[in-house]
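Below are structures written as structure tokens.
Below are two complexes that have chain A in common, paired first with chain B and then with chain C.
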Partner chain A sequence: MLKTMLKYTFAGAVLFPFALLLVFSFGQNWRFPALFPALWTMDNWQLLLTSQSDLAQSLLRSLSISAGIATAATGLGFITAKHIAYHPWRQQWLTLAYLPYIFAPVILAATLQFFFLRLGLAGNVPGVLFAQLLIAYPFGVIFFTGFWNDRMRAMEQLSATLGGNKRQTFLRVLLPAAQGALLVCFFQAFLISWFEYGLTTLIGIGKVQTLTVKVFQYIGEANIFHAALASLLLALPPAGLLWVNKQVLFKTS
Partner chain B sequence: MFLQVSNLSKTFGKEQVLRNLSFALDAHRMMSVLGRSGSGKTTLLKIIAGLESPDNGRVELEGKAMNETPAHLRNIVYLYQEPLLFPHLNAFENIAFGLRLRKWTEADIRQKTETMLDHLELNGQAKKMPAQLSGGQRQRVAFGRALIVEPKVLLLDEPFGALDTETRTAMQQLLKRMVAGSQITTIFVTHDLKEALLMGDEIALMQDGLLKKYETKADFVQDARTGVQEEIGFWTNIQSR
Partner chain C sequence: MAGIYKGKYASLGLFLALTALPIALGIGYALLRSMGLAGLGAEGFTLRHWEAVLSGGEFWRSLGLSFRVAGCSIGLAGVLALAAVLKAPERWQRGGLSWLMYLPLTLPAMVVAFVVFQMLSGAGLVSRLAYKLGLTSGIQDFPNWVNDSWGIGIIAAHVFMATPFFIILFAQLYQSERLGEYAQLAATLGATARQSARRVIVPVLLRQSFPTLVLYFIFVMGSYEIPLLLGSQSPQMVSVLTIRKLQRFDLADIPQAYAIGVLYMVFVAAAAVFLLRNNAEKTSSTC
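Showing the complex of A and B:
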């Protein structure tokens, strides 16, 4: 009985913010201390369907940037971590990978903004991609350093003595063995990019409006209904990815 | 000679692991190499397998120099103490791994792998994942995976080190039977005196980066450095008390 109650309480606590955002995304005209908006409407959601909508474009832009960052950080991190893990200067290289985390992203962005401006990378998507990669790529490297251990090296060597060339060993041994770790890294790098605000705002100089930037903009404008809708859109892809991750990882294990 | 190792030297940092080491081995023979930890056994096997490069010296197989041949083209399989089964493949696929690399047809892979499973007394275990197998079963799968590709040389680096006594004895017998059946030239490295005597057609001692191969097992028994006399003394003392 207690277990069931706890289960439902937990589920309720997790779902409550989503439900609240959903409710407000259909509302208009809310005044304190009313519990719900005075007017229910589809107008907010219809905003998404219009081709000129800022929100729809921000959603697509955010999805593209985050998917790109997650793919690049996971792929590059996987390969780079292998070279670092077996390098005699492993520790020094790893220290370098931690460098971007010494500063808060906003301070890092402020420091780098001058160089981005000079390189013509400020205020455009490639610049934001590059800036976010400065955070996500080292994360991928640090994440995979533990994966490339002595056991993995022994498996790689075993595959070679069984007749596997580098490509075969990579495709038939290393990649399948890393499947779970690759998924987790992709998910986490996606989240890093998806919720990134400081770097994106400063390097994007307000011209690259991701969904996260949009949420803050709506909140700043006190537009709680659009903020609720944007927040809901912001929460859905990570929730979906988390579910996919869980399905795949449980299937693998 | 089938396998000829000449003047191998290898240094890691300031430590010289192999010192002008030489030996030869005929085809279809199993040579036991007894040696303590740190005597250079693993380095020797890895150099023969092509997983390490020597500082000096040559490895020849069937009269052909192997130094420049990459590991995957040598057809020399190196087995670790741990079975190291690929965690994403079941027992059948682990054994069939080398055949798939060689792009055999599905029918041939199935036929040969099933025969191997039969020889290894692993019938009914084919679909099990590595985590579902016992230590002995995992080691059998590892042997099957190595033997199925019919390597020219099989290198075994203390393969039974992690097994309990009973399983170890059973595995020793199984390995002897299988290697004899497949006529594969084998180097079997161990730090266990009895195992070295039991397993090899020929026997050698590795100490301080040097390898001494004995003409007969009697010579090995007589040499004080091998520890056999000490062992005999121990049991004689126990018996006389």
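Showing the complex of A and C:
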């Protein structure tokens, strides 16, 4: 009985935010003490389909930035992690990779804002991409350091013994072996970028309007219905990626 | 790609350029700016901004709030997660719940903060329910659970985010450490379920998850979006205080923002490097 109650309580608590956002995204006019919005409408969602819609543009911009960051962090992290994993100072290198997270990305961005301004990288997409890479790339390195273990080294040596050169070993042995891990890292680096607000707003100085920046803008304008719609747009891709991610994790395990 | 793969030194150079260099530049500039040696309105070497930060009280109140919020959030989420895993350890390994518990992790901090605000504010859903049930006579009767000095809304948001994460962590540890078998062994030796949980399972779970708990604690201390939406004007959590001072029109506040940033970095780096030095190897091998 208690276990069933626990199950339903947990399921309810988990699903409630999604339900709330969905209701608000179709609502208008939520005056105290009404429990639900007075008006139900598709207007908020139609905003997305409007050409030149700010929200649609933010969605596309966020998708592009996150996909770019995920690709770069996964590719570069995979390669760098190999050299760090087999390095005698592996632990010291890894400590460096944790620092951007320990220092809090927004505080790191605050201390770096001057350099971004000087380099002409403030207030534009390349600057935001570079700033987010400073957070996502160390994650890729941390993630793949565990992949480069004795088993992988043995596989490389076996491939060399059988006559494979380094390129063949990389393309035909290591990359296929890392397929699942590459996919998981890609998704997680995508999420790091997708969720990023503080660093993006500081380096983008409000001009690079990603979805998180848009949500905050709507909240600031007290437009809870558009904020809910933008929040839902922020939550749906990760939920989809999670599903794929979990399928991959189950398969690889 | 294979060409880059060969370049050990290029790889390590890139790593340093994207990790150590920005941090060194950031701390260096923040130090210079906070000492009046760089930036707009640089007045020459001075420690007055540091004195203002260290003696003003605002930074210490802010650090205290950040510490308190992180401690309460991790403590509450940890207890809830431990209770859930101890009550039904097998339920979190397979079936619908094992998928559902990942869902809260797909919500960005800002969205969680938005939902918590819509739930707990004076005009929020809980307040409306209380009014409908006759418990309050309006918005003014409802307690301040958001934008309050205790950080109740911030803690609620972090607990919502951290609990599923800790359930996943503890459930995986329960399986990998074969704690079910230890519990059975303890029962065979005459231990009650409570004794087995208190003396066998919980100590192992807490010891094994210690590095993750420390990292999460630091993550909550440095969080920005949630306290930005749900925090009070004073005191503010460290990240919010730093950015607020940085974005003020008063030029005297900007060096203080950099001083606070440096102090916070030194504080968490000292704590984290000390705690993680012996655990980095173990944590990275979970990939």
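As a working rule, the second predicted complex is superposed on the first by the 231 of 253 C-alpha atoms of A that agree within 3 Å, B and C clash if a C-alpha of one lies under 4 Å from a C-alpha of the other, contacts with A are read in each partner's own complex, and residues count from 1 in each chain.
Just so it is clear, contacts are C-beta pairs under 8 Å (C-beta built on N, C-alpha and C of every residue); 3 or more make two chains touch, one makes a residue touch a chain.
Nothing here was measured: the structure is a model prediction, and the numbers come from that model.
Aligning the two structures on chain A places chain B and chain C next to each other without any clash. When the two complexes are laid over each other on chain A, the CA centres of chain B and chain C sit 100 degrees apart as seen from the CA centre of chain A, to the nearest 10. Within the superposed three-chain model, A:A177 lies in touch with chain B and out of touch with chain C [touch as defined at top]. In the superposition on chain A, the chain among chain B and chain C reaching more residues of chain A is C. In the superposed model, A:K82 makes contact with chain C only, not with chain B.
When the two complexes are overlaid on their common chain A, residue A:Q157 makes contact with chain B while staying clear of chain C. Touch criterion met: A:R167 reaches chain C, while chain B stays clear of it.
When the shared chain is aligned, no partner comes close enough to touch A:V23: not chain B, not chain C. Of all Cα pairs spanning chain B and chain C in the superposition, the closest are 14 Å apart. Chain A meets chain C in the complex at residues 2-3, 6-7, 10-11, 13-15, 17-18, 20-21, 24, 32-35, 75-76, 79-80, 82-84, 87, 90-91, 93-108, 110-115, 133-134, 137-138, 141-147, 149, 166-167, 170-171, 181, 191, 194-195, 197-198, 202, 212, 215-216, 219, 224, 227-228, 231, 234-235, 238-239, 241-243, 246.
On the chain C side of its complex with chain A, the touching residues are 1-2, 4-6, 8, 11-12, 14-16, 18-20, 22-23, 25-27, 29-30, 33, 39, 84, 87-88, 91, 96-97, 99-112, 114-115, 117-119, 123, 125, 127-129, 131-132, 138-139, 160, 164, 215, 218-219, 221-225, 229, 238-239, 242-243, 246, 257-258, 261-262, 264-265, 268-269, 272-273, 276-277, 280-281, 284-287. Residues 46, 49-51, 70-72, 74-80, 82, 84, 86-89, 97-98, 100-102, 145-146, 149, 151 of chain B are the ones that touch chain A when the two sit in their complex.
Contact residues of chain A toward chain B in the complex are 151, 154-155, 157-165, 168, 172-173, 176-177, 179, 252.
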